[in-house]
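Pasting the structures here.
After this come two complexes, each holding subunit A, first together with subunit B and then together with subunit C.
This part shows the complex of A and B:
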């Protein structure tokens, strides 16, 4: 079969996609790489000049950059385990036999948080967590908690919204993994033991690993890029308490207009994301036979 | 800024206007706009009352001129970025909306045209009744002028005013608002902060609000400033530190989380009767006196901002409109006609009545302005204002980010006022050094 398709035909089919991807994905990356090596401020375009790795050095020695990176990693370390634990719990409940209609409705409702625009989540948060009029304080018996104006509470609020929005995604991915477990193996295991933990650990978990690795990679990348929701909710404040790395890059690039420095920050972030993804794959990923 | 040279540039613009009369030609907007009928002018507007006012008046202009004004609305926070990207990319904007702190940036990048150049290019478009001298000089200078040249005409004009709830003050035993900041803290603060109500709110969110409405507001009345005569940081001076420390002390009479308060939260808190006094822009007057948006409309009174040891020095802010260099000839002429019309003496009264704040002196001496309680305080403020309340040079967007970050940290107690001032000073001077102010490459104009 392979010999019958000409090389030209293969290129004709694949070429447009490759060119499209290159234009959408690779070209901006190359442009960012170029600007990162230049003094490139949008309001000082007459002064654009090649400065080598000076922007990278500035970023790597900038305490504020690493503080923002640390804050982002702390968010990842707080929100992701919660999402995994809750997502797994939901997936296991939905994997139980019976109650088909309710489970279908539950699956559908799980899509809603994911389908909500990030920026809208932030705006909802502003209203719901308002100290005086917000529904959250009302539900807490008229508590007077200052959510948005307190550094610690603002961080908790961001974790809450991230968990609310992305736990369903984790649940759906893990549920898909659970449906991959051959029924007869699961049934045989349940005949062997009554321990749900043993079934989960030795029968279901191997089938969940690919999904878990995908979740880890996607959620890590998403958290490192988290912008819209935080921007509309706290704008990085109060102080710098919710200034995550993507907000900092936006601030430098689009409010300070230093595109060169922002590009260097973005490229360093990209490198960190790739390294983390590689670590996840090497440490966790195992082919399921 | 050399004020005399700016006035010379202004005089040139005025001369252009009067030439039309000297020529003996009768001038009408309709005839002047006839060659440009059908032209579309793109302009950025903010989501604020002054813009809604002019938008409501717009059909009359479009009908008379045949010029279409295409308004692109942005919140303040996005307006600079959107315009910078448009000008860098050679986009569609024909008019620049310029906050007073953006003018150095826009002018130095040649994104806007000097007013005199536009008038010389399109002499038939110049209204002989433009009367540039009728603008408040401080406002015209600060909002529209840069480096001895006039670029824009003041359009959406603010001065910091004290809005106070006279009912709450009366109940607490005060006949009027505090005359000084010290009085506000020592007498009004303790008396009015109780039962979930607060004496005062100083909007301090980490954006331009932190720099302009909060940080700068406590510098100037106490004799401080961002920069000294050598363009070095003046934030560690005794006066600047007194102002910044005063803000820390005053926070006990403000709502919790004041660092998350932007204009909306502050104005709403006042309008709902939770806060007795705020220092806000004149532009929010219509919001706090409208029964639709304020439960305390009947109690609202206006005064100039309190005085500090160095005098009143109220906050100064606002926007001018200037013709964009990137527009083609027809668009430039049409843009000029719109700017001239929107800021004209003839339309100032209607603009005021619809919720705008014109910068025309003549309108404020007209009869029947009793309903506009802010007028006396506004006029007084525009006599005492400081044009460089926030430096207007091209580096401000970078410096304001630094001020926002460390100013908020000071308020949260994460650093002391001295530590914060040191950080801001070091970083601010690095930006100015890079820009070439210390090497003499750029004149020390702010």
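This part shows the complex of A and C:
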């Protein structure tokens, strides 16, 4: 009985959204697929020609592409453990009873970094990490560190802002997990042992697993997407020290004008993303039939 | 109950919480104070903490450099794309929550994938298409392309909300002879309003915050506020006060919206994987 409606009714409800999203989400992808199979340079549009999978071959054997990919993974590998460790710490503090007022304030403060415009985070980085009149060097006791102009420091700075912006997300996800632990079970465990570690490992951790997996997958996807903040802060430099995958594709397509090659890179990135999304769905939306 | 627990010392906890709050809030404090400094004060080394505030940066940025117009552009684009996402997304969400049909699972997969795709993947072909169709630097281009992330989020959140409404209500209305559209509009939609509002807030925040498409697809007429803020960064003598004034103007509305939706923020950002 439930849910039996005519095909026409279903289409009337869902058709417009599907057509709309197909127009902006699929049509461009097909066009990118077409571009990726051609020699397609914005400055030489007269010479567009079909070259098969040559662009893909170039990408797959291109050191620069894999270096950017490796750099992106390295950023993830550096920032994510920090976010997890700090986030778990914050979640555990917020989970303790008492001090309601200041904890509410802390929870509200945690919302702010997450919502901040990426581009503004980059601009804040420019101002606060400036070597001469930046407040960061001042707070470090008048240090004279060149943050933006030095390859390694620039990378550290990107990690800092990524951690600043997304640790709150991890903290709130884990806090949501902690509040799922039934009160009686946690109480009973605390009567059995005084070790916080034991409680965390055997009682709370099982409730944190879904949140941890969500964080892992979404942070991976978001790091592959990362563009706005880095673009405003370092433009991928100095050299290519902060040129992550999305920035590199943008450079090849819009500053190198090679749309064919950039499209091939984008399609490969898309395939990686789809695999990731598959995993996400498998883990979280089993109940959707 | 709580008293029986072993707790870390109260003062330690308070100190920790204050550190957390300070780290989250300090960049905003620095942004606002820098925006109130004159150019000379902003370029003092080491930076000064106490100074005479001025609103000159805001006046110059808004009325002389055209930030006001870019803010209006951003506002128009964010509101239109949110409205469009709701008009298209709410009925689709109703169908996903209430009807059974083939391909439902694939549709879900597609919506969620859109949340994870890097915008650069779409930016390349969109730029070429918009250029061929003469749609560069037009508001409508951004309004449409922002649907790629707004529509999935609206559909996801509202579907979830519709699912929470008891089916008995639909049943009763149908026995009275109401059409599916009537059931959605008069019975389910009023009850789903909290979800609709939250999804609208999300959609607004994401559109308002977006930089890359704004940068690639607009030049002057439809330039968005984040793209404007970034264009101040060119050249050597950077107007830090003005940049921070513009940043403040951009960030304040999103922070207000985010605080309003703070309870649902995590849920929305994980597309419901975490309740």
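Here is the rule we use: the second predicted complex is superposed on the first by the 270 of 289 C-alpha atoms of A that agree within 3 Å, B and C clash if a C-alpha of one lies under 4 Å from a C-alpha of the other, contacts with A are read in each partner's own complex, and residues count from 1 in each chain.
Here, a contact is a pair of C-beta atoms (placed from the backbone, for glycine too) under 8 Å apart; a residue touches a chain by one contact, two chains touch by 3 or more.
Computed from a predicted model, the values in this text were never measured in an experiment.
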First, second, both or neither for A:254, with subunit B first and subunit C second: both
Which of subunit B and subunit C A:114 touches, first, second, both or neither: second
Which of subunit B and subunit C A:44 touches, first, second, both or neither: first
Which of subunit B and subunit C A:237 touches, first, second, both or neither: first
In the superposition, subunit B vs subunit C on subunit A residues touched: C
Which superposed partner A:132 touches (first subunit B, second subunit C, both, neither): both
First, second, both or neither for A:246, with subunit B first and subunit C second: second
Partner chain(s) touched by A:96 [first = subunit B, second = subunit C, both, neither]: second
Interface residues of subunit A shared between complexes with subunit B and subunit C: 132, 254
List of subunit C residues in touch with subunit A within their complex: 1-2, 4-8, 10, 13-14, 16-18, 20-21, 23-25, 27-28, 30-31, 34, 42-47, 84, 87-89, 91-92, 94-96, 98-101, 104-105, 107-129, 144-145, 147-148, 151-152, 155, 167, 180-181, 184, 205, 208-212, 215-216, 226, 229-230, 233, 238, 240, 243-244, 247, 250-251, 254-255, 257-259, 262, 265-266, 269-270, 272-275
Interfacial residue positions of subunit B with respect to subunit A in the complex: 77, 80-81, 84-85, 88, 105, 109, 205-207, 255-261, 274, 394, 397-398, 401, 405, 408-409, 411-412, 414
Residues of subunit A defined as touching subunit C within the complex: 2-5, 7, 9-10, 12-14, 16-18, 20-21, 23-25, 27-29, 31-32, 35, 90, 93, 96-99, 102-103, 105-124, 126-128, 132-135, 137-138, 142, 164, 168-169, 172-173, 176-177, 183, 187, 190-191, 194, 210-211, 214, 218, 221, 224-225, 227-228, 231-232, 245-246, 249-250, 253-254, 259, 262-263, 266-267, 269-270, 273-274, 276-278, 280-281, 283-285, 288-289
Interface residues, subunit A side, partner subunit B - complex: 42-45, 64, 131-132, 146, 148-151, 154, 234-240, 251, 254-258
